[in-house]
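Each of the next two complexes has subunit A plus one other chain: subunit B in the first, subunit C in the second.
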Partner chain A sequence: MSAPFKTAGLLKNLMAKYYAKGEENRKSGIPVAWVTAVFPVEIIYAMDIFPYYPENFGALGAARKVADKLSEYAERRGYFNDLCGYARCGIGDAYATDHPVGNILPPDLLVCCNTQCGSLPKWFEAAGRYYNAPYFLLDSPLIEDQVSPLGKNYFIDQLWEMVDFLERTTGKKFEMERLVEVLKLASEATQLWNDCLDTAALKPAPFGFFDACFHMAPIVTWRGTQTAVDYYMALKEELDERVAKGITAIPNERFKIYFDHIPVWPRLRWFSDLFAANDALVVASQYTHSWAHKFDVSRPMESLAEVYTEQFVNRGFEYRIKLKMDFMKRYKCDGFVLFSNRSCKPNSFGLYDKRQVITERTGKPGVVFEADMSDQRFFSEGQIQIRLEAFFERLRKDQ
Partner chain B sequence: MYVAGIDIGSIYSKAIILKDNQVVGSLVKRTGGEIKVASQKLIEEVLMPLGLQAADLRAAVATGYGRISVPFAQKQVTEISCFGRGIGHLFPYVRTVIDIGGQDSKGIKIDDQGSVDDFVMNDKCAAGTGRFLEVMANALEVKLEDMGLLALLSNSPEEIGITCTVFAESQVISLVAKGRPKVDIIAGIHQAIAERIVSMVKMIRIEERIAITGGGAKNIGLVRELEKKLGSKVIVPEEPQLIGAYGAALFAQDLARNE
Partner chain C sequence: MAIEQLLARFNAAVAEPYAEAKKRKEQGQKVIGWLPTDVPEELIHAAGAFPVGVLGTNEHIYLADAHLQTWACSLMRGCLEQGLNGNLDFLDGIIIPHTCDTTRMLVGIWRHALSTPYIDNYLMPRQIDRPSARTYLKGELARLKDNLEKCTGKVITNEALKDSINVFNANRTVLRRLYEYHSTNTAVISSRMLYTVIKAAMFMDKAEHTTLVEELLKELANISTSNDKRVRLAISGGVWEPPEILDMIEELGAVVVADDLLTGARYMGPDVIADGDPLDALAVRQLNRIPFGGFDSTTRERRGFLVETAQNAGVQGMVFLHLKFCEPENYDYNDMREAMNKAGIPNIRLETEYANTSLGQARTRLQAFIEMMGGSK
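Up next, the complex of A and B:
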């Protein structure tokens, strides 16, 4: 990973404040809504409801290397260790007697979008029963190629239904003008985030995927607020400064790598060191680009429907291959690494075939490794290291 | 000029000594104890008949799972590259190497220099590897080295599912309890392993000619089964287990020459 960013300190501060605000807000009458990462949170912000991301809680537990501990509490209740690790962290913490990363914030209501996966709706359903809080599911149709008008209208209708649900359960009022303001802020932040990610295309680059994994928290949680805009302005400024001063992400950048998808959080450092030791910088991933979209504020609801149904995890095999290849081209990648993540089925299906097809179409080498994004019990260092090292040896052959 | 290639595998450790391109010493030993100490002993033992010591080596390259713990090696190279290099040197017309090691099996595509174009390895489960055969030999109370020949004696192999080593073992034990002939069970095991290996290696689009390396290549029953499933005769080098160490020694020779 790069030398510490000034903005990193800022982020830690902001995050701590944000989490502390949840309970405070509730006391002052602002309800806490559990939301999912790829979800039209812009509506939640527009209605002055406090969004809380249980997935972030899971990622935090994973990064602090306690996902297995938390998971054990869930497993004792019969939740199988094959389920998504974020869900196991969140459910585990609800039943836990010790809370190594603090308590997960109980919801007043839960809203979930299944664009991402089928795990979240089940987790939220179970949490809704456990916390005795109302639950709303935003159902996104699967898209093979393009979203159909029918599919889009189906989603828009549900957005209005959700607005109705939110008004009824929270007593807050929805106003379109406010949503437009939020969408403008969201677009501004996503544009800035995109600009930051794009600096990884420079050679040598000041910023890579492992850095992005750290700096992505605000775009996931605060898009639609001024805080996110300010944060990414500061980050962009710092990156420009680094470019001017010649500060690079790794000492000797020789290879640019595309990486799918979520990182192995408890081993982030191990991976970034191994890549750096082989002069390879991971420069792009569909994961960190999940929040690099744009809104058309002249058609708020349509635009929300398009952005959130058209997410890559909701798309077919060919689309996903093309997306990876586009990233590889845009960031001039020399090879690619695909992480078959036990936790995340929708992102792991067909990876061996994808690897083969991409290599055939681009001529670039790729490798698949297996682990879990959060749970170290499924991490076998020797197995992963040999695959990655053989991949690096293969890369060196091309140069 | 003497150089060494050391391959520390999960079950066996192998060493090759080259002098001006010629193999002048080799050794295979069970991997045991602390790798640092074991690799030191291994090199001493292989060098002793030559009247040499580790300090006399111009270069040494280590490969295998224990490659990072070989104190006298100047460089580590993965077994994937080493098997490719070793086979490419001996059989320049080979394009696909199937290596059946103790804890994993791999498919390696190479060019005419033995340089790796693509590779694939089995996932975590030991099914389809040398260790799996060892577990089965134990369960059947048959010597590991006899397994391959016994497999050839069967006319009606049993169907055995081997997605998981533990389940396969209990299936084998229950077949024995039912009084099924051991040779049929053994033949079934070999078929299942070959099936698993071939379907994995197909992921890198097999190209002829094909060579088989690793301890598994010494098992004639397995080699015949693989040939059937591949629809092609395969090449088995004289010392299939030593190819990784041989490739490592060739890399060591490069190092010494570039010094």
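Up next, the complex of A and C:
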């Protein structure tokens, strides 16, 4: 990872404030809604409801290396350790007697979009029962091939059903003008985020995927607010400064790598060190690019439906291959690493074939490794290191 | 036909699941396979094609491992295995439903690794309580209908679809009658046999299957045994696999009289009421199916439904039979168990796989469970 960013301090403060705000808000009568990462949160912000991201809580537990501890509480209730690690963290914390990353914030209501996966709705269903809070699912059928009006219209219908649900359960009013304002702010922030990500294409680059994993919290949680815009403005400025001064993400950048998908949170440092030691910088991932979209504020609901249903997480096999190849081209990658993440079936199933196809079509070497994004019980360091070393060896040979 | 002969027919169909489909194929009929669960077979039938269930394999899985992680459920690994080892080469098409993330991703792998001429997915809505679900589902069924027409070269008329719906309704009706019969006369045919008859419907010609079940019911009408003292159990889960698990339950002194399995009660589900638009009628049937692990309904919650089912069937215990790595079941389990406990229904969870499972441990636990309820053998 790069030398510490000035904005890192800012981020830490912001996140601390965000976590503190949850309880405060509830006390002052602002409802807390659990939401999912790829979800039209813009509507939630437009209605002055507080969005809380239980996935973030899971990632935090994972990064602090306590996911397995929290998971054990869930496992005692009969949840198996092969479920999504975020869900296990969240469910585990609800039943836990000690809270190494603080308490997960109980919801007043839960709104879930299944564009990402089927784990989130199952987790939210269970949480809705546990917290006795109303639950709403925004259903987004897979776009296997072509975008069709069928799925989009279904989603738009549901956005209105959701507005109705939110008004009924919270007593708050939805106003289109407010949504338009929020969408503008969201577009601004996502655009800035995109610019930051793009600096990874420079050679040598001031910023890479592991940095992006750290700096992405605000684009997930605060897109739609001025806070996110300010944050990415500051980050962009700092990156420009780094470019001017010649500060690079790793000391000797020789290779650029595409990485799929989520990082192994408790081993983020280990991975970034290993890549750096091999003069390889991970420069792109579909994961960090998930929030680099733009809204058309002249058609708010349609635009929300398009952005959230046409995300790669809701796409079929071929689209995902093409997306990875596009990233590899845009960021001039020399090879790719695919993470078969035991926690995340939707992003892992199909990777074995994709690895082969991408190498056939691009001629670039790629590797698949097995682990879990949060749970270190499934991390076998030696095996992964051998795989990656062999991959780096290939890169050196190819160059 | 005598009862034994009839049962032998069903057993044969399940032992050679693709025999009838292959025969049809040789006779020039198109054959479309479907994976569990909920694929509207009526549409396939109405297109003049033969629908056949692809339900995994109890044989060793190894070819699939190159394409699908071993931490996918053995049901889907087994389906893919059969595609890869050539067992499904006779298919003109396959429809893979979106039941969970595994089936959602399997479509792409299937397209890449296999050359089945027509591959589609059935994207059922994942919520069923709001008006949008019905509108969408009608559109989705229309899409499937179009694609099936292209695949078979035959237009699916409303009349043909209504006829097919009648064929399937008739089949569901006789299956439900058999199910009810078995619930009161548990000693006549075994639990495994009951479920074999249901499963056979997924492989046989529907009309022929209906006739055979009717004959069976006629034969059974003369026999009644209300004096079975064995423990009455319900099963909840996806599939009754491996099949020996049902034998084991009976050997240990219990019988299965209720379930919510995909290869059980869910298959017999509600009839299609086809007075008006048949596609709308198919949509309504889908929305009214019994709850399952895929998604919960806020108006008809699964665990409440299970308690009710168990109580109505007068069972003494509930067996949660879950396939290893099946996420939907695992997410539901804690709350289902709590609901059972609250209702005073003893329950146990067994985790199985299609193949290579040693059932030794399951036997020990089941034995203790059944003995606790006063049964033994």
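Simple rule for what comes next: the second predicted complex is superposed on the first by the 399 of 399 C-alpha atoms of A that agree within 3 Å, B and C clash if a C-alpha of one lies under 4 Å from a C-alpha of the other, contacts with A are read in each partner's own complex, and residues count from 1 in each chain.
Methods note: contacts are C-beta pairs under 8 Å (C-beta built on N, C-alpha and C of every residue); 3 or more make two chains touch, one makes a residue touch a chain.
None of these values were measured; they are calculated from a predicted model.
Contacts of A:Gly9 after superposition on the shared chain: neither subunit B nor subunit C is touched. Residue contacts after overlaying the shared chain place A:Pro365 against subunit B, while subunit C stays out of touching range. Judged by the touch definition given at the top, the superposed model places A:Glu389 against subunit B, while subunit C stays out of reach. In the superposed pair of complexes, A:Tyr352 makes contact with subunit B and with subunit C alike.
In the superposition on chain A, contact of A:Gly29 is made with neither subunit B nor subunit C.
In the overlay built on the shared chain, the residue A:Asp139 is in contact with subunit C alone; subunit B does not reach it.
When both complexes are overlaid on chain A, the residue A:Gly102 reaches neither subunit B nor subunit C. Comparing the two interfaces of subunit A, the one with subunit B and the one with subunit C have residues 352, 370 in common.
Residues 352, 356, 359, 365, 370, 380, 382-383, 386-387, 389-390, 393-394, 397 of subunit A are the ones touching subunit B in the complex.
Of all residues in subunit A, only 77-80, 82-84, 87, 114, 117-119, 121-123, 125-126, 129, 135, 137, 139, 141-142, 144, 148, 150-151, 153-154, 157-158, 161, 316-318, 320, 340, 342, 345-346, 348-350, 352-353, 357, 370 touch subunit C in the complex they form.
Across the complex, subunit B meets subunit A through its residues 65, 77-81, 104, 115-121, 123-124, 203-205. Of all residues in subunit C, only 66-69, 71-72, 98, 100-102, 104-109, 111-113, 121, 123, 125-127, 130-133, 135-136, 139-140, 143, 295-296, 298, 325, 327-328, 330-335, 337, 349 touch subunit A in the complex they form.
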